[in-house]
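A single structure is presented below for examination.
All chains are identified by letter, namely A, B, C and D, in their written order; residue positions are counted from 1 within each chain.
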Amino acid sequence: MEEVNDRDKAVFEAGIKLGALYHQFIGTPVSKDTADSLERTIEESIILQPYVRSISVSIDREMVAKKQNPKFGYCELEGRMLNVSLQVRYKSMIAYAELAYEEENDYPMMSVKKIEEM
Amino acid sequence: MEEVNDRDKAVFEAGIKLGALYHQFIGTPVSKDTADSLERTIEESIILQPYVRSISVSIDREMVAKKQNPKFGYCELEGRMLNVSLQVRYKSMIAYAELAYEEENDYPMMSVKKIEEM
Amino acid sequence: MEEVNDRDKAVFEAGIKLGALYHQFIGTPVSKDTADSLERTIEESIILQPYVRSISVSIDREMVAKKQNPKFGYCELEGRMLNVSLQVRYKSMIAYAELAYEEENDYPMMSVKKIEEM
Amino acid sequence: MEEVNDRDKAVFEAGIKLGALYHQFIGTPVSKDTADSLERTIEESIILQPYVRSISVSIDREMVAKKQNPKFGYCELEGRMLNVSLQVRYKSMIAYAELAYEEENDYPMMSVKKIEEM
């Protein structure tokens, strides 16, 4: 057993943020016209949470266009539509994480990309 | 038993929208600085849904200020922070509904305010 | 303009419940093995809300099986997987409503089926 | 910059699960009578996700009792009602994490408790 260190904490917090974002906003009605403002609102809400250094959210417009119900003109935000890049800083450690659609597994994959000491 | 008419449908759709809005957005991290843009995003997402004629969402800033965690500087959106006015139109019938905090019951109350024929 | 009556209130409350249920539980991880218990939990949570007389929730097992990620063995609950029958009673009025997947529009449709006076 | 290792991945996945659980289930109507079955459903849904070795969810009955609306007999699940213990295994690394209400900060705190190699 090893002590929990700052690197662990940075990485753990990055995981929390992606899990939270995903399950908070999935299901939100969205269209090509509202994707922009939904992206900003997701960013603004997650950056409020502890240790978030920066976040960039992008919603796949092509997927939205394809999924928009022809009769009703909108769809629901799905995990696979989301591209998120996140930096979390805990003390001197920075974890870079992302959420990106993995086509081969048809899965919205969350991963740590790198970890840096400032 | 009576046939379901346009008035019923307008009122039913109004109920759907308030229930949806509530359970989609409750839990979103919010602060006094982000309340504005969260209001707009909620409005924009709900107006995408069928039959919504207009919607106005307002988040109680005082309650946000009071609930903001002093250490972390934000809180979660709660039902009692929400004031929503909604118009739903089904054919010639318009239902006016709202969500407002009812202090005596400490309950975020949804209600139909009036129903009009255009 | 007409006064809001008990029939309106029954129908409105039915809408609230379906909208709430949908946006609360969409996104929940589910598999063929857990669908049963998720159905019961959804029913139990919605029946707590005011005026609900009865509710029956059924998750489309075939759709779950088809959507289960082969690598990870589960999927997320989607609106189109849900079949819900709901009775709401306000005073002497009962509204029967449902949520069912409408294949021709590829849309999880909520509707009032009938309204009865007890 | 250091390479992302198995320990990082275990800890990151633990964070994802707690963030996901929180924002998926917060807002669910709950009472003392349904807390049991809601706990089981949350456990069953999270254990479906990748790398979860075990999870135990407990809802604070006292807080539920205190928050239950006297008129309506239920409340909404809040983060501070949740006690969660989670084990995530990535290859030979096990991360132990928890969600617990921290009274001094009035905050539902997520933390890594320890990390072990099997």
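Note that contacts are C-beta pairs under 8 Å (C-beta built on N, C-alpha and C of every residue); 3 or more make two chains touch, one makes a residue touch a chain.
Please read all numbers here as calculations on a predicted model, not as lab measurements.
More contacting C-beta pairs link the chains of B-C than the other of the two pairs A-C and B-C. Computed centre separation for the pair chain C/chain D is 26 angstrom, with centres defined by C-alpha atoms.
Separating the centre of chain A from that of chain C, both taken as means of CA atoms, is a distance of 28 Å. Centroids of chain B and chain C (each the mean of its C-alpha atoms) stand 19 Å apart. Of all residues in chain D, those that touch two or more other chains are 22-24, 27, 72. Chain contact topology: the protein chains form a complete graph, every chain touching every other one.
Within the complex, the chain D residues that touch chain B are 22-23, 26-27, 69, 71-72, 76, 79, 105-107.
Across the interface of their complex, chain D is touched by residues 1-2, 4, 7-9, 11-24, 95, 97, 110-116 of chain A.
Touching chain D in their complex are the following residues of chain C: 24, 27-31, 34, 37-38, 40-41, 44-46, 48-50, 72-74.
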